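Below are two complexes that have subunit A in common, paired first with subunit B and then with subunit C.
Here is the complex of A and B:
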């Protein structure tokens, strides 16, 4: 049994639930049998990949879904062997070069050039009675590059030449969360497609489709308004991230026999811990608490929660607590405190990426916030 | 475009279809590269000198420099074509794009070997039609990304083989070319294109490609493209192509396939009655810029000084909609500091700001940009920037 996320992932452009104008454009592009290099960007869980796979299906037919995973080996200039996973179908390749860290340039150069230099052989002119239905589409191979924003500058520069030189044999689709880290020359060579996160209403309509197909009505509150409220809660909690929303909806369904409006949502552990952490920073400003917080932070880090995510979530939590509960924490000028917290957050965020020992900066941030609050209460 | 109408996919015409197909797929930047010096828009000064050179068929070493998209590569390619004609072009011209083939070894081997070859004899036919001067041409594109070592290796080569070879270096920043090289060349500065001439070029291309621009305001759309491209004609043409690819494609119909195997290739004229026109907002969307309504909302939220509102707006309307930090910074920079370029009305905040406020804002923008380049988290940094700016606006 597959997860709902995969089970109900739309397979064709017509079945996509929202952003119909993008679907229309993609369809037009796919139906012309040719498209420029694409750069698809948007927040996670917005449906970038789904849209691309559907367009590929539109372009090549169901053949693109026959995926296989290959392991390719590369040799670095220093003679180290690297293994790299490539997901491929007869028509396209999917790679995540950022897995390779600093070696991504080699992957881009070797793999892409290899693909790009092989021209597909076109027999339709020789067998003259064969209809040239697919020849036009088969002339190029599509390479999907995931997490393009994490590519190093070198790799992007290498990409730049490849894109121009072999543009008749290869089409690149870059998937990225943001275009900030993509260098200008690449941005100007690609067609930018922005995929915004779905709105809550759109998420609800997806939920309703799933409910209908899975026949879930009997597990949900009978009252329509209540049901809507419940679904809305789930959507809200997940910040318009459709994938996360569906996953948490499914988890909710799996864990409870009957879901009512009062059923607690399933929340992620680390998010709850960070909420408590923010709360304790605001209340107890003491050396003893710092020590306590350090152990919690260490725990989070050892569970592979990225330090920058911790910092960002902490800032957001602190902000929200300050806005809502300023009485509880006895904050005098809440706007000023909030400004200072965000400013401190931005400073330590930079240091996190420049420095190498995460815990120092997280602790520094915690202490700094405590100082801000202490000064405010004077 | 009339060449690209329908044809039968039989053996005889297959090649013509291939060429048409290739032409169809070629980026317009390549397709409409000027073929003669006369076609190069703007850059009158440089063109005049080059033309005189062309008449006497006497060339020095040359160094072209100027911002991207101003026609440096186009000019030298056009010149080379006029000098040698299509047949000789291959054997007489070596074009090296320095972005991946740099380094001292390339200069020592490839460049030197090519430079040292003596010139081939042109055929009679070529001699009649083209000047065919007795030297070869080496074009080193993006020369500013060559290492200093590679550049110094070039010094002597340029002199030794000057009887049979001329060099043309192309770069964006002349300061990155070492002095000994620069002093061996006659320099040509390519200035940013004047908007009128680029507009004419864009119009020409739009006409040739049947691009449907929003009806009543054809120029406005092109003007917007030019404004976004900021004097870079290549960027402008790419935008135009992307826009037409994405937004006027609906007219094309794949099912245009007859039973006998006839394929109608992307013929725009057939279903010319499309309602899809390219509008200003679509152009902005392609460039990844914020739509005008979002900018207004952003600015008014900043002015409201309601911190929670700013927080929510950034989260819901900017980041979850997929707009990114660099664009917000750029927009704010444009609107708050360079506001003079926009029409003068009450909404124009920048006119109301004092110099001191502007200085403070630009310092914040600088700080945020630095943090982002250092790898900071976008949403956090931009939030910080917007909050700080909101405190300065009073």
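Here is the complex of A and C:
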């Protein structure tokens, strides 16, 4: 049994539900048999990976799905051994070098060098021709690099060299959430493809497809308008992240006999925590609460939730709460407060990327916000 | 500057004038040597915002130290002349530390109350009047731990031996009387190097303990362990801890009293990244682990550094005994010296210092130089700040101005701090609070500027303790944390000196402002009172790191599990080649794993619909024998990385966090759960029924163990593997963990089932 997200994942470019223009272009690229390095960016859950894998399938056929997982070991200059998972098919490799933290440069360099120096040889025709032919189509190997925005500067610089040096037999596809952390030289060496988050209507069309295939209508509201509203709510709540939306739709269905418009939506645990946190920052502006908040922050951080995501979510929550509930929090001039909060948030966001111990900066942000509110409260 | 110097030491003038040229040559060198303090100073002025208030105090003391540097040189020269004149002869070749070792309890330099405490405890243990089996004495070096034990052992065991003789008419082994050393009659010591070669290092201690456990009854001896096996080797440590634990839980009432004397030693070396473990913190918590320390059969008595009065008494006594060798030294000089040394707290080091001072004084004093006494104060123990002491000083301010200043001068120029003693008293009164603060900061910086990351984390953990009542936030607090945050950036750019300086200065400065605020505001009286009683906490950072790594491992395993699941489903469906939809094997990003899938997927997998499906599957695969599947049998998938503990909030731990067991989680939970399901599905009926009994077994101890159940190991792995994780979580959170609720549910269901079957 697999999840709906996986079960209904389109495998070919033709079956993609939205962004048809991108699909068309990718198809054109794939049919030409060659393509440049790509930088695919867009918010998470927009379908970047799906599009890339579909175009690889277009290019190489279903062989790309015959995957194996290898564990490669690398040795750092300090003689520490690193283990690193590489997923590979005969035609491509998929790596997530940001897993290695500061050692990502070594991984990038060594691995790509190794890949680039072994020319891929096609043995599929060996029986008929008795001679391995270097298929023109398979002249290069594709390397998919996940979470490219998390690569260190060092690694990105190394990547840039590799791109130039081995461009004849290696093609890189970088996947990233935004281009802002990617250095200029790489951006200029790649073809940028932006995959935007699907609109609500597009998400609804995906939902409807699933509903049809899974025969879910009997569990959903009979009234069409109500049903649409419910689905819209799900899509909205999940920030137009398709993956998240489908998963949470499935979770909703699996845990309820019948879904009505009043059925509470599935809320992510950490997001709820951050909402409560934002609320408590606005209400309880005391030292005791700071201690309390520190525990919560430590908890979130220890669950590997990126500090910058925490900060971003907090700022958004605070912004929303200030706009909607300014009476509750006794805010005098909400626009000014909002501006100051965003300003503080951006300062500490930078510090998070510069510093190493996230807790200092997150706590600094909370206190600053508390002080802003303290000064502005009625 | 020169004017002050010559004015100050008239007697030295002659000697100095000879060296006049040399002094000037050496001067630049000296400045080079003192560079650290200079660089600190310049970095202070670069951060002028914070330090403006302190600068004055700094400058004045700075002048002082430059002055004394000059006189230090002359002292150095004198020393050079002395070297090579040969050692010192004496009647008694023994060192004073042995010569004047206390022979009776009355001679001990420790506080009578502490002595009484140890005596009572030990007496109870010797006579078997208590269930305490281990006495643990901890404290700094030279606080008299082992001496107390040795002397008490003599006294108590003598009493005990008498009682045994009279009451039971037992004869004490004659041979023992002939033993060479008096103390060995009463006490055996664990000595590391004694082990025979056949013994493995790892089990050595356990073997030793099992050997000595027979030393009871008439042969009763006290077992003293001062030397530990090599606990830095993790296997040895685990075996050591196990041996101690076994000792504690050994059945039978009577065991010889076991005494551990541990000299605690905090962070020798910490780069801020490593775990809080035995390697950098040699203290009871890391050596034994919390499980042993919390055992009620272990009594722990902490020793403090020896108080000034006691230490002084001892030194005075020695000086009267040694009056023969001290004739050349004037009485006032000796008194002054004793006064200084008695601040030391370490009796061993104090006596040693005193001895060497006395010996060399005679020689050097021939040169008629006043500086001699200063020269040897460097033999004194260097002041090493304890972490919590330092944190307390920064957050609450110092309580002992004079000690602070003396330490400061000591640090500023090591060799000549004695000079200003008389002047200090007058100066202290004049110093403003901000100047004192500046001095405190310098002192703390001297010890911690290279451990900035670590220190700042602890500052962060503790600054809010100042007023944990409903004290509103204020600009000062914001600026404090703001600077800590900036300091972190410096730290991560390897500029830890600035990081430490910024963090410590800003914390002290802002804390003082806050305190003033509290003092001024009557409404906040309560807050002030409260902060006085607060204990300091150790930073949770290491706990966090451990947790973080565990979660990370969990995520990795989840990723792999997912990947293998996806690729297996593609390979199985590869017959239907050109499907348009279907799983594509690819890795999920870590963030998505934890923020989206890690929560939603278990929610889907554990949903009632899924459970129902699974139940039907099980029932259909076992057509006979099984007619009901309790939900406890259906495994639950945990949230990736474990549940959040935030909502029932945990307070910061009051105790030191200890890396006592290697709790590394086996993250393959998902895999093991899947295997379990497979087992249920594939396994034959009897196995399933066993599974039933097994559940009954684990939930209800009244059922007798079924041998078949025990042999059925592979199905049990799932359960077994989950256990450590739950324990770990409970460690964090006192509230009900989900597993408890589940087992509770399971019980109910089982009871219902049982009653059904009876009918």
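The rule is short, and it goes like this: the second predicted complex is superposed on the first by the 357 of 378 C-alpha atoms of A that agree within 3 Å, B and C clash if a C-alpha of one lies under 4 Å from a C-alpha of the other, contacts with A are read in each partner's own complex, and residues count from 1 in each chain.
Here, a residue touches a chain if its C-beta (ideal position, glycine included) is under 8 Å from a C-beta of that chain, and two chains touch if they have at least 3 such contacts.
Predicted model, so just to flag it, every value in this text is computed and none were measured.
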{"item": "Three-chain arrangement built on subunit A, subunit B and subunit C clash or fit", "value": "fit"}
{"item": "After the two structures are overlaid on chain A, angle v-u-w for subunit B, subunit A, subunit C in degrees (C-alpha centres, nearest 10)", "value": "110"}
{"item": "Subunit B versus subunit C as contact partner of A:178, first or second or both or neither", "value": "first"}
{"item": "Which superposed partner A:342 touches (first subunit B, second subunit C, both, neither)", "value": "first"}
{"item": "Which superposed partner A:24 touches (first subunit B, second subunit C, both, neither)", "value": "first"}
{"item": "Subunit C versus subunit B, contacts on subunit A by residue", "value": "C"}
{"item": "First (subunit B), second (subunit C), both or neither touched by A:354", "value": "both"}
{"item": "Partner chain(s) touched by A:194 [first = subunit B, second = subunit C, both, neither]", "value": "first"}
{"item": "Partner chain(s) touched by A:304 [first = subunit B, second = subunit C, both, neither]", "value": "second"}
{"item": "Least Cα gap, in Å, left between subunit B and subunit C after the two complexes are fitted on chain A", "value": "9"}
{"item": "On subunit A, the residue positions that both subunit B and subunit C contact, one per complex", "value": "354"}
{"item": "Contact footprint of subunit A on subunit B as seen in their complex", "value": "9-11, 14, 21-22, 24-25, 27, 97, 99-100, 234-235, 238, 241-242, 245-247, 249-250, 252-254, 257, 261, 263, 266, 285-288, 307-308, 311, 316, 319-327, 368, 371-372, 374-381, 383-384, 387-388, 391"}
{"item": "Complex contacts: residues of subunit A adjacent to subunit C", "value": "1-3, 6-12, 14-15, 44-45, 49-50, 53, 62, 65-67, 69, 85, 87, 94, 96, 99, 146-147, 241, 243-244, 247-248, 250-251, 253-255, 266, 268-270, 273, 276, 285-288, 290-292, 294-296, 298-306, 309, 348, 351, 354-357, 359-361, 363-364, 367-368, 370-371, 374"}
{"item": "Subunit A - residues contacting subunit B, complex", "value": "24-25, 28-29, 31-36, 41-43, 46, 124-125, 128, 131-133, 136, 157-158, 160-161, 167-168, 178-180, 187-189, 191-192, 194-197, 239-240, 308, 311-312, 315, 319, 323, 335, 338-339, 342-343, 345-346, 349-350, 353-354"}
{"item": "Touch list for subunit C against partner subunit A, complex", "value": "453, 456-457, 460-461, 464-475, 477-478, 481-482, 484-489, 491-493, 540-541, 544, 547-548, 551-552, 555, 560, 563-567, 569-571, 574, 577-587, 589-592, 594-597, 599-601, 603-604, 607-610, 613, 639, 641-647, 649-652"}
